[in-house]
Every structure is written in C-alpha cells, then in structure tokens.
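Note that subunit A is present in both complexes that follow, paired respectively with subunit B and with subunit C.
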Partner chain A sequence: MSDFYFSNIVLIQSTFTVLLLALSIQIQFRMGVFSFAGAAFYGMGSYGTAIFVLHYGFDAISATAAIVAICAVTGYLLSLILQRLTGLYLAMATVAFVMIVTVVAHNGGELTGGSVGLFGVLTTPEISVPHLAVVCAVVVAAMIFSERGSMGRRIEAVREDPELASAMGINVARYRRMSFVISGVLGALGGALNILMMTAIAPENIGFPLIVLALTIIIVGGSRSWLGVLIGALIFTWLPVMLEQVGTYQSIVYGIIVAIAAIFMPGGITGVVTDLYRRRAARRDSAALEDEAEAERRADAADDEAAAELGAELAGTGAHSAPTGESR
Partner chain B sequence: MTTEAVPHEGVPGRRVPDQVLRVEDLAVHFGGIKAVDGITLGLERGLISGILGPNGSGKSTLLGAVTRLTPLTRGSMYFEDRDFSGVRPEQVARLGIGRTFQTVRLLDDLTVHENVQLGHDLIAGPRRWWRRVDSTERDAAEAAVHTALERTGLDGKEKLRPGQLSYGLQRRVEIARAIVMSPKLLLLDEPTAGMNRFEREEIGRLMSDLRAEGLTQLIVEHDVQMMVDVCDHLFAMNSGQLIASGAPADVVRDPAVREAYLGKQDNDDRDS
Partner chain C sequence: MSQLVIDALVLGSIYLLFCLGMSISWGTIDILNFAHGGIFMFSAFVASQIVSNVGLGLVTVCLISVVVGAALSAAIDVFAFQPILRRAKNQRTAELQILIGGIGIGTIPVAIVQFRTLSEPFGFLGSSYETSVYTLGGLRLTSTGLIVLGCALILTLAISFWLKNTSHGLALRAIGVDSETAELMGVKRRQLSLLTMAVSGGLAGLAGALLTYNLGAITAESGETLLIKAFAIIILGGVGSTGGAALGAMVLAFSEVLVLRYTGGGWVDAVGFGLILVVLLLRPQGIFGRKEVRRV
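The block that comes next holds the complex of A and B.
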C-alpha cells in the first residue's frame, strides 16, 4: 500500500486537485449555468497563492484563504456582469474570462513570472495529501448535501425549468449568482492546493486545456452528481498513465474513449447506472400497480357475482330485484 | 359575487367586495400582438372564478401576467390590496399565489412525491445546513405532501416518475404540487385537460372541497359544462379583451360569448 502511495503520490494529488477543478465547473452545470469560469478560478488560485507566498510572504493557509476570498468576490462580480447571458453566449464569455487570466499570467512581468511562470512555492506548514483529502471530503460532503432534500429539488428545478422554479418561489437569479461564487471557491481551492503541492506554475498549466480536461471528466463521469465527477477525475488522471503502453497512439485512444462516452452515454457513467436502476424500479412498480389493478378487478367481479346471486335469490322469492345498472 | 373592482372604488356608499386579486387595465403586448389588452377584473375571496374563451384569446397569458412570468405592458395588479405589479415571479409565489401550467411542467428526474415536495419547500423555506430539521417539522411536511397526494388520487403512485404516468395523472401531480403550497389564490390552467369524464368530475369535486375550505380559485378551462358546474363566476375573453362577466349560466348564454365560440349567428343561420 505504502509503495503504491509513494510511487503514485503525484497522481493521487492530481486526482484531488482535478476533482476540485471539475466540481467548480460541474456545480454551475448542475444549476443550468453553462460556464467554464471554474478553469479561470483554478488559474487564479494557483497564481494568486504563488504570488502571496513568494512576493508577500504569506503562509499556506493565509494565502489559500486570501485567494479563495478573492475568487469568491470575483465570481460574484462576474455573475452580475454576465447575468443576462445564457447558453452558448455565456459559455463563450466565460471562455474569454479564462483567456484573460491566461494572458495576464503571460504578461504579468515579475508578478506572475511571465512565460516562465512561478516556482519554488514552498510553505510551512507543508501541505500534503491528507490535507487535500480532508478538503475534498468536506467539499464532497457539501455536494452531497446540495444534491439531497429541498436543496437538491430546488437546484433540479432551477436547471430543468427556471420558469417553474420561479413559480415555486425559488429565486433563480440568486442560485445562478451563488453558482459563480461556489465555482470561485472550488476553483481557487483546487488551484491553490495544486501550487502548494507542486510548487511551480506556468501559463501553459492553466487556460483552455483545463476547460477541455474538466469537460471531459464531466461528460464521461456524468454531470448530475459529484460521484460522476469523482469517477471522471479518477479515469482521466490515471488513464494517461495506463495508456503509456500505446505510446504515440495515446491521444487517439483517449479521444476515442471520450467520443464513445459522449455518443453512447449522454448522462455519463453515473447516468447509465441511474437509468438502469430506474428502469428496473419502473418495471417493479408497474408490476405492482398491475397486481393491484387485477386485485381490484377481481374484487369488483366478486361483488358483481354476489349482487347477481342476491338478485336471483330475491327473484326466486318473488321480490323485485334491484336494478343492476347504475342509476346515472 | 365577483365584480369589476375599479368602478366601485371611491364611490361613496358602495361596498367594495373582499377581493383577493384585482387587476386593472392589464395589457400584455408581444410586438404588435395584443395578447391581453386592458383587462380589469377582481376575484372575490373564497369563490371559484373561471375564464372562458376560444384558443388564443389570452387566457393563459393573463395567468402568466398575474404570476409575473409574462412581462406586463401596462396595468396594475393588487393581491389582498397590495400592489404587486413590480415584484419578481418568485415573490408572487411567496405572496400566496400558486398555479398549474397549460402544458404539464414536472421535473422528470424527481418522483411524484418529490415533485409535490417541491411545492411544500416554499412554505418550509430553504433548508439551512446549520439548522437541524426536527422530526415534528419533517412529519408535518410529510403529512402535508401525503394529504395533497391523497386528495388528488395519487396515493400509491408516490415513487413513480412523471414519465411513468398518464397525462391526466401528470396533471394531478401539478395540482397536488400547487395545493401543497397552501396558496391563498390558486390559478389552474386547463386542470382537466387529458382527463376522462370521471377524472374531470373528481377534479371538479376537489375544487369544490377547496372552495369549502375558503381557497379562492381562478380556472382557465375549455370544458364549458364543467365551468358552469364548478364556478361561481365566469369571465369570458376574446382577442385579449374581456367580453362578458357574471353568473356562469348567464355568461355562456351571452351573445358575444356565443359569437366568440361559434362565429356570427347570421353566418350560422345561413349555413344551416
């Protein structure tokens, strides 16, 4: 176990940080907000933490807290600016935001380290995998809470039918704003923890490739649940390592897997499992309802039979039989 | 009986009936199309009012305007004498106006029970993670949802999803979701569409029961017989305007209403 842990520690770290990155985008999708701002917040988280540590002497916790707060506020301001946009227009606007962050990283001079980036981000206390695991566990717990009960139903309504949600008293605009703030927090956390573990960041580590990675994870794992994101994060962090055997064909195999998942599993892996479960439950429910209906039919038939017997008896005794039809 | 409210106001000695909803000179225009054009009406508390009218007469648009889901071009709306013309749609629901839609709008991924619970969430308020929901609260919510399901004949179907239900049953889920909100005013947009005669009678009885409990209702429906049987007051609309208002039997006999539904009488005579 410990051999596996130490030989794969970088992959384990990446799994956690990639999970946070993907959740920062998935939470917005879950609320019906087609935004990729999470990738920008991840970049801001990495660079912000590096800047606070290297230029201002912050410790790991203060630097992380500061950049998370900044990204949460940025997320809120961004939500106000983009509140009238939906669908592809919103997606494009947030892609532009990701690009802006990348351009700033490239051209930030000494502050961002330019094209070389920033390195040597060493802090005390040193952030390790258990710290990451705890943060991810807290985040996942919050996600589980948000998927259940009244919160889960409200988010479902906001995504599937905003007009219905409004008619149910749900402030859809507030949920959308909230999604940007949460995305800011999760993206910044992922980026901050990544730089604190990896100690270096360069412009090519952020930007558009992060959007592609997160989107791939969400599509293959499933966009409706944190579990889908976790499955996707595990697959796409570990798959490239497993595909090393196929050498130069690695990208092709990777692409085929994504294409197959997108075509045949529109709800992702979790979507397929959920569908199977529901179909089974539907068959069971239908059978139960049919049994119930059959029992009712039998009871009705027995009643009719008893009524007919009583009628015959009454006719036999010379009494007038009751009318058999309804008096409607 | 329900009356037009505005002319009564300010007239000395004239009693203004207890109206839950009052709309004045309400208009909804989509470009050059006047979907609703200068409607003024009031709904008296505890009664069932209905809106009749041919397709495209603006009935559903009027409900959309009242719930603020459709933007107003002009006009004022008062709910329990409070002007709510400028509030957001979600605030309308919180005022106590519940509704169903012309086409069924349920959440396919949720069960029947969860769809109805969504309505109860409004009165329960958003759940805060730091606030523990005690068992009494949970039991009360469960009882409210169960009662709504029972009243709409959905008991036993709680675990099904909308896709497994007939259109008529889906309509019932919508009605259950609306009544579990404990509204002061219930707007029902074609509540019996897709139902057979017996189901329509059941829904009619449910409406009468709700009236007996004091719930004010406004129904948009094409089934004229049902409207006459169930409603205390009828409004008739055509081309976005109110063409008749009064007792159901009088409104359905109104020449303007017959003309809106059947075309001009002289045309009918010529045809026959």
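The block that comes next holds the complex of A and C.
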C-alpha cells in the first residue's frame, strides 16, 4: 500500500485537484448554468496563491483563504454581469473570461512571471495528501447534501424548468448567482491546492486545456451527480498510466471518447447506469402488470365460458339466441 | 498609417473567410460547430502533405483543401450532429451537446497533426506558387494578400446572394426562423443541413490554405484561437448576418492591428475575448442581428 502510495503520489494529488476543478464546473451545470468560469477560478487560484506566497510571504493556509475569498467575490460580480445571458452565449462569455485570465497571466510581467510562470512555491506548513483528502471529503459531503432532500429537488427544478421553479417560490436568479460563488470557491481551492503540491504554474497549464479536461471528465462521468465527476476524474487521471502504450495517441483517444460520450450517452457513465437500472425496474413493473393482465384475461375467459354455458342452457329451454363470449 | 489599413484589411479578410462558414451554419441550421477550427487546420495539413510530394499551384492546393474541408464537415454532420439532434429532448440540450461534441471532435484532428508534425509549424513547401510583393508609394501588399482580399470579397457577396436570392437560401433562412414549420412547408432539413455543413467546411478549408500561404506556415493549434475570435466576430455582427460578419471581422482586425501597434504583442488576443464580453453585455443580438426569439 505505502509503496503504491509513494510511487503514485503525483497522480493521487492530481486526482483530488482535478476533482475540485471538475466539480467547480459541474455544480453550475447542475443548476442549469452553462458556464466554464470554474476553469478561470482554478487558474486564478493557482496564480493567486503563488503570488501571495512568493511576493507577500503568506503561509499556505492564509494564501489559500485569501484567494478563495477573492474568487468567491469575483464569482459574485461575474454572476451580476452575466445574469442576462443563458445557454451558448453564457458559455462563450465565460470561455472569454477564462481566456482573459490566461492573457493576463501571460502579460502580468513580474507579478505573474510572464510566459515562464511562477515556480518555487514552497510553504510551511507543508500541504500534503491528507489535507487534500480532508478538503475533498468536506466538499463531497456538501455536494451529497445539496443533491438530497428538498435542496436537491429545488436545484433540479431550477435546472429543468426555471419558470416552474420560480412559480413555486424558488428564487432562481439567486440560485444562479450562488452557483458562480460556489464555483469560485471550489475552483480557487483546486487551483490553490494544486500549486501548493506542484510548486509551479505556467500560462499553458491554465485556460482552454482546463476547459477541455473538465468537460471530458463531466461528460464521460455524468453531469448530474458528484459521483459521475469522481468517476470521470479517476478515469482521466489514471487512464493515461493504465494505457501506457497509448502514449502519443492519448489526446486522439480522449477526443474520440468525448465525442462518443457527447453523442451517444449525454448522461455520462452514471446516466447510462441509472437508465439501465430504471429500465430494469420498469421491466419488472411492466412484467408485474402483464401478470395481472393475464390473470384478468383468465378470469374474463372463465366468465365467458360460464356465460356460454348459461346461454346454451337458455337455448335448450328455447329462450333467446345464445350470447357468445365474442362480444366481450 | 495606410500600411496599417492594408494589414488590417488582409487580416480581416482571413478572419472573414474563417467565420463565414461558422456563421452560416449557426445562423441557419443552429449548429455552432466547434470542430470548425479543426477542419480548417486539418484541410490545410492534408494539402501540405500532398504538396510536399507533388509541386502544385495555388489554385490546386486551395481546391484540395476545400474538398477535404467539405468532406470532413459533412462527415461530422452525418455522424455527430444529426444523431445528437435526433436524440436530444429539446433545443437547449441539443445546442449544448453540439457544442461539447464539437469541442471533442475538434481535438481529434489537432491531436493527429500534433502527432504527425511533432507540434512543428507546417507550410506548403513544395508549392510552385511564389509570392510577389507590390510596392506603391511606400505601401506594401503581397500577391497573396491581394488574393485573400479578393476571395473574401467575392465569397461574402456570393454567400449573401445565396442566402437572400435563391430558393435554397430561402429554405435555409426559414429553418433558421422556425425549423418545424419550415419542414411542414416541404423544406428538406436533413439534406439542406448536409449541404450547409459541406459549404461551411469548404470555406474553412479555403481559409486554411490561404492563411497558410499568407503566413508561410501554421501550427496544429492555429484553429483554436481563431475559433474564439470567429465567435466574437459573429456575435458582434449578429448571428446569421453575412454583412454583419464582414463588419465584425474588420472591426476585430482593425482593433488588433492598433493594439499590436501601440502595446506590443501580448495583449492582442485579449481584444477578441474582451469584445465577446462587451458585445454580449451591451447588445447580445449584435449590430445587424435580429432579436433572438427563444423557442421553448
């Protein structure tokens, strides 16, 4: 176990940070907000933490707390600016926001280290995997809470039918704004923890590739639940190692997987599993219904026979023509 | 200063050629094709592979690129976008799935070319075409720039004519307004969609070949930045408006050339991204766009 742990420590770390990144985007999808702002917050989280530690001498925890607060506020402001937009337009506006963060990182001069980026972010206390695990456990617990009970139903209503939701007294706009704030917190946490582990960040590590990575994870795993995101994060962090022979073809394989998932299984792996489960349950139900119908038919047939016999009897006594079972 | 204008016009024409295809498919059949950048780059790549073995002229290279682009784009329509449209519950989910599917498909050609070229730039090395430079009163204009300008002008007019004055164009615009009613009126949506995607891909191919000639070489990633810029141009001009796309391309090109002139290179890309935000906030339907009517 410990051998496995030490030889794969980088992968374990990135599983956690990638999970946070993907959750920061998935939480918005779950509320029906098609936004990629999480990728920008992840970039801001990485750069912000590095800047606080390197230029201002913050320790790990206060740097993380500061950048998480900044990103939450940025998320709120962004939600105010973008609140008129939905669908594709919102998606593209947030892509533009992600790209602007990247351009700023490229051109920030000494503050962001230009195209070289920032490196040597070493802090005390040192952040390690147990810290990460605790943070992720708390985040996942919050996600589980938000998917259950009345909270879960409200979020589902906001996603599936905003008009209906507001007719039921849910403040849809507030949920949408909150999704940006939560996305800011999760994205910044992911980015901050990432740089505290990896100690270096460059402009090519943030921006569009992060969007593609997060999308890949969410689409393949499933966008409805945190479990799908976890499955996706596990697959796409560990798959490259499992399939070493794929090597150079890796990104080709990824593209194909995303395309196939987007076309044929829009609910992702968890969606497919849920569908299968539901279909089987439905089959069980319909089988039960069929049994009932069969029993009814038999009862009917018995009635008919009885009626026919009665008819024959009546005919025998010279009464009206015999009623047959056919009329039923 | 006039040199600046010429540079901006050529750059704007490249943008225009690239985004015309995206604009017609988005404005009519509601497909925002994010694989457009991949098609653009991959057609130029195929042409460059052929031209490195056989020395061909500019027209042949462009034709190869157009054919490859049209074929790729039609294939993506048949194998990806139409299945998505058939399966999707409603238009909103279809839109998003098409965007995501397009991003996924778009990464495939980029990855293939990165693998084949080892991420080195590629160009039309074996081509028999040679650029000549004209100077007039201190102004520089290359023959490639002239061809790019001409192509952009002619194709914009041709496509504008196609959409406005032919029965195909009328049917396409009808789909853009209300696809169900259009189908009831006898518009063959599937066939027209295939045709539109093929035309759009052909334009991407042409833009790829011409940009490669103009710059000398492009890289596997060249399509990605252009994609987001094209999006900015289309929403600036208004979705589905050819004239709007032309104006948008020129506005973006002029702003970029000016930013490049006065600040140095780094901030150029921010112009397009900033433009997206500003336009979406101030005038979401674009300069010439019709007011978007959401169908529920």
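Quick note on the criterion: the second predicted complex is superposed on the first by the 282 of 328 C-alpha atoms of A that agree within 3 Å, B and C clash if a C-alpha of one lies under 4 Å from a C-alpha of the other, contacts with A are read in each partner's own complex, and residues count from 1 in each chain.
To be clear about the criterion, a residue touches a chain if its C-beta (ideal position, glycine included) is under 8 Å from a C-beta of that chain, and two chains touch if they have at least 3 such contacts.
Here the structure is a predicted model, which is why all the values come from computation and not from measurement.
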Checklist entry - Which term applies to subunit B and subunit C once both are placed on subunit A by superposition, clash or fit? => result fit
Checklist entry - Thinking of the overlay built on chain A, is A:Ser286 touched by subunit B (first), by subunit C (second), by both, or by neither? => result first
Checklist entry - Which partner does A:Ser150 reach: the first (subunit B), the second (subunit C), both, or neither? => result first
Checklist entry - Of the partners subunit B and subunit C, which touch A:Ser166 in the superposed model: first, second, both, neither? => result first
Item to check | More subunit A residues in contact [subunit B versus subunit C] | outcome: C
Checklist entry - Touch check for A:Leu85: first (subunit B), second (subunit C), both, or neither? => result second
Next on the checklist: A:Ala105 in the overlay: touching subunit B, subunit C, both, or neither? Say first, second, both or neither.
Outcome noted: neither
Next on the checklist: Considering the aligned complexes, could you tell me the closest Cα pair distance between subunit B and subunit C in angstrom?
Outcome noted: 12
Checklist entry - Can you name the residues of subunit C that touch subunit A in the complex? => result 32, 79-80, 83-84, 87-88, 92-93, 95-97, 99-101, 103-108, 110-112, 114-115, 224, 228, 231-232, 235, 266-267, 269-270, 272-274, 276-277, 280-281, 284
Item to check | In the complex, subunit B residues that touch subunit A | outcome: 67, 69, 88-94, 99, 101, 105, 107-110, 114, 117-119, 121-122, 124, 126-127, 129, 156-157, 159-161, 164, 177, 181
Next on the checklist: Under the stated contact criterion, what part of subunit A meets subunit B in this complex?
Outcome noted: 142, 145, 149-151, 153-154, 156-157, 160-161, 163-172, 224, 278, 281-282, 285-286, 289, 292
Checklist entry - What residues of subunit A sit close enough to touch subunit C in their complex? => result 34, 81-82, 84-85, 87-89, 91-93, 95-97, 99-100, 103-104, 106-107, 208, 211-212, 215-216, 219, 248-252, 254-259, 261-264, 266
